[in-house]
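This is the structure I want to talk about, given as structure tokens.
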Amino acid sequence: MDLAFSDDDLAFRDEVRVFVKDNLPADIAESVRQGRAIDKPDIQRWQRILFDQGWAAPGWPVEYGGTGWDATKRYIFDEAMSEFDTPETVPFGLLMVGPLIYTFGTDAQKERFLPKILNGEEWWCQGYSEPGAGSDLASLQTKAVLDGDHYVVNGTKTWNSSAHIADWTFTLVRTSSEGKQQEGISFLLIDMKTPGIDPNPIVSIDGGHHFNMTYYTDVQVPVENRIGEENKGWTYAKYLLGHERQSISEVGLSKQRLRRLKSIAGEERSDGESLMDDKSFAKKVAEAEVLLTSHEYLNLRFLAEEAAGRPIGAEVSLLKIRGTEIRQQLTELTIEALGYYAAPFELEQLTDGWNEPSIGPEYAAAQMPQYLFSRAATIYGGSNEIQRNIIAKMVLGL
Amino acid sequence: MDFSLSEEQQLLKDSVQRFVRDEYVLESRRKLVASDTGYSEDNWAKMAELGWLAMPLPEEFGGIGGGAVETMVLMEEFGRGLVVEPYMSSIVIGGGFLVAGGSKEQKTELLPKLAAGELKLAFAYAERQSRFDLNDVECKAEKSGDGYSISGHKGVVFHAATADKIVVSARTSGGSRDAAGITLFLIDNNSSGLTRRDYPTVDGLRASELEMDGVAGTVLGKVGGGAALMDEVVGQAIAAICAEAVGCMDVLQETTNEYLKTRVQFGVPLSKFQVLQHRMVDMFMECEQARSMCYMVNLKIADEDPTERAKAVSAAKVQIGNSGRYVGQQSVQLHGGMGMTDELHVGHYFKRLTMIDTMFGNKDHHLKRYADL
Amino acid sequence: MDIQFRDGDLAFQAEVRQFIGENLPADLRDKVQHGLHLDKEDYVFWQRKLNERGWFAPHWPVELGGVEWRPTQHYIFQNELVEGYCPPVMPFGVRMVAPVIFTYGSAEQKQRFLPGILDSTAWWCQGYSEPGSGSDLASLQTKAVREGDHYIVNGTKTWTTLAQFSDWIFCLVRTSNQGKPQEGISFLLIDMKSPGIEVTPIITIDGSHEVNSVFFTDVRVPVENLIGEENDGWTYAKFLLLFERSNSLTGGLKQQLHRLRTIADQERANGAALSADPGFAAQLADYEVQLRTYEFLELRTLGNPNPGAEASYLKIIGTDLQQLASELTLRAVAHYGNPYIRDALVHGYNQPAVGPDYAAPAAPQYFNYRKTAIYAGSNEIQRNILSKAVLGM
């Protein structure tokens, strides 16, 4: 057991800090600090900067453009990034389909897709869920029928985050109705510009347009866009879910949020003093911080396992559960800190061109949408109930 | 001891229920929320016609003379419908101030108009530094001629844009956090020196920031008697908003239960999973507890002992805050992706419940107040 | 709607208080107030006092010794007893088996058993649970085989509270294996002095001897001790469970709160009373708010002749609060939750207390109170009941 970093690690940390400090665009940092949604061009801009430095995908193997860092370095990197107001990584390309492609894809697929994921040029979305298939994903019905060298895809996908701004989607489709449900599913990469794809906005409770209902009508997908074997899609999807859950631990993000919470509570007044001096509020912030610390150490333990080459099992669900709960706790405390100024809801304030004075304190406007949207975190990526089912079965053997 | 409604109260309940059912399907509410005023003048006129605006006002001034239980009945159903008309601001609070503090002339002039739907009121109390302390007041009122001139900022004033007159708390003496030295004033919404910034709120209502620079105000109640008056009327408002919250929670509890029975995953309705059953039971128990406290506070709000009254108010607000949070958050959770959509009514009830906790002090504030009483 | 007690209620309340004042000896009151151990004689003494006044079995039919009170009066009565630190009434006879006897028993059974319950000469215990049958009570296996005018009973009952003091036990036994498990159960009253009954103690985590295992080996029980019909025992058991769950807990919770407050006033933290510490004060206030909520929840269900669902959620919320109070109390005494001197819990212990004298029962009570969420139908089972019966899930 050893918690200390080597000199080399410490030097690396300084390097990352200096780099981020010198290169993170001020306008992006400001938006992150305010908790505003960061739009696609800004995220691409930042990813390009990281890409040029060779740091776009720390977790990828070196041969595909990764860094080759060990678990400790990756942790240090994330940690150093979270000390600054860097935008959250959009997971679909870098954390989800990318690893899937370099693990199960053909050489042609790797060549075609990985570079543009890495430099942020192509934007991906995930097409798994359907109206009738949420937690029970294996019951999905979107059909793909092979016709010559194309699949013809028909059906409806829903809750597709970013589908309206994505260039590509990775989808699960039904290619067979024989045997168990899981055994007839294939994994397709689909160009969003293909005729017959129609994403429709779904407005969420925070008033934003994050996700979509996407209709597929006779959409032609070349066979070479299938990942791995036909009817083996479920295996790949499960592999990917493992990845998704780990990235969902959100330690760095939560640290950013905690910082924002403290700074807001420091500004807010209560009983004539700073809200951070209010005992009961300070206690709740401290409780959240303690939870976050224990979550961070849980995360470190998993990293250490991984570094030692031991496989991580279903325990990884713990990270998803705790990570998302902490996120909700922090966003909730933040709106609590605002008092009455949680109520004003003028979404225009969050858009770039807004230049009127803010309603109440300038940090207020972005917080309520953040809180509301954070309610989704315990639903997507396999709901927390489903994660608990998984732990009960796979870890506890219940 | 008796927790049942009288015959008249039951009739009142039936008629509000009808109104909510007919006028308040989610689509029509959505239109109201998006409209210029944020609610419907027709609905307001209907409420006047049905006697609801007059309900809590005294008979001698054109009212019906109902008590807290009648208001509770109305507010609960309004909660079920997520009604956006300014009943709370105008009648419960504005009317409450006139009844408790208004002079004979003010009552004679204003109450009949209020009851008839010809006058609307709002209440400006929050300031940037005040958080939930009603007595943390920096707005200043100075004597000018035979009236007062008010200057300062008020924040998140619900329904200010459509009010004819606004009740404003301002300091006539004392330091900024003293209970003594606060006076309530009535100001006209079109006064010179008043600048308003109007905006929507997250739960579908309207509010404004007020900037006052020498606005003319007439005293409501006694000079320096604002704190006591606010304590009394805000207590009544809290009792009423608890009822609204109970209405919201019941709808969420019923809807979620229904949804779990119809939504099939893994080949069975979600209601067959024990974790979800137990979660629903916990939601149900929260609803029942909230209802108990809602009855309690509405029955005790007229108690002669001010400490007993204040304790009842704070205890109820704490319970409502806790229950509302649990029921709201879990309703979204158990609806999965659907719970996150703007289209489904669940999110709107959730947002209203979230903001009800903040109104007049959240659970932490009232827990502290309760402990100090 | 109103929540005023009527004049009659207030007079009644005064009457109950006066009765307690005149009849409860100070040392007994002390024991209860400080959470010390009570002997069988203590219970019996107090139950007889109540009985002399005609108040021991108020919910019984008047002709059998009950009183004709309004629901509010029952409520006041129960809560006054608790708030006055009277020893609790042992429920097994008067509140549990007696209603079964006077509802389903024969005339002979009523005559034979009820008087002993009323004057506390016969002490009862409840023989339901078995090692293999807890929540799933209907799976019980203790067998009763009819042989002439006797049943021969063989099997094991467990968790039997106070069996060590009991004269009688009411038991659920299996008389048939046909049909559903519920359909082969009978309700027997068994004399604890019958040959073949053996009682062995089970010591609970707080170190006390409250529960027992009861072994039955060829125990002969006269047929006339069968309640109602053979194989209909489940019906009677369900009826009884309702009574078991519909006890008001408010008074006891208030008592716990009171004790907790007294302790928090005397404990010191940061140079002031613990009760003045904002963090602890907030927790106390939070508890008090929950208790108030519970009280009004109980009041709303008062007088409901058919407490089904309500009884289930009152059980859950009430026992949660019992546990919470005991937990806060343990936290309040801080380090002095550690010393464990068994004798310090017995009245008359005359060594000086280790630490403050109120500290000794805190930990044992906290540990002991974990039971409340388990017995009388665990809180999980209550949630199952509610989801089915109320929410139709």
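As written, the chains take the letters A, B and C, and residue 1 is the first residue of each chain.
Here, a contact is a pair of C-beta atoms (placed from the backbone, for glycine too) under 8 Å apart; a residue touches a chain by one contact, two chains touch by 3 or more.
Small disclaimer: the values here were computed from a predicted structure and weren't measured.
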Most centrally placed chain - per-chain CA mean versus overall CA mean: B
Relative to subunit B, chain with the most remote C-alpha centre: C
Centre-to-centre distance between subunit C and subunit A (centres being mean Cα positions), rounded to whole Å: 53
For subunit B paired with subunit C, centre-to-centre distance based on mean C-alpha positions, whole Å: 43
Separation of subunit A from subunit B, taking each centre as the mean of its C-alpha atoms, in whole Å: 38
Subunit B residues counted as touching two or more neighbouring chains: 276, 364, 367-368
Residues of subunit A engaged with two or more neighbouring chains: 280
Where subunit C touches two or more other chains, by residue: 278, 282
Touch list for subunit C against partner subunit A, complex: 278-279, 282
Contacting residues of subunit A [partner subunit C, same complex]: 279-280, 283
Interfacial residue positions of subunit A with respect to subunit B in the complex: 129, 132-136, 139, 158-159, 202-205, 207, 211, 268-272, 275, 280-281, 284, 335-336, 339-346, 359-361, 368, 371-373, 375-376, 378-380, 383-385, 388
Subunit A contact footprint on subunit B (complex, rising order): 126, 128-133, 136, 155-156, 176-177, 197, 199-203, 205, 207, 209, 264-267, 273, 275-276, 329, 332-333, 336-337, 339-343, 347-348, 350-351, 354-355, 358, 362, 364, 367-368
Of all residues in subunit C, those that touch subunit B in their complex: 1-5, 72, 278, 281-282, 284-286, 288-290, 292-294, 296-297, 299-300, 302, 313, 316-317, 380, 383-384, 386-387, 390-393
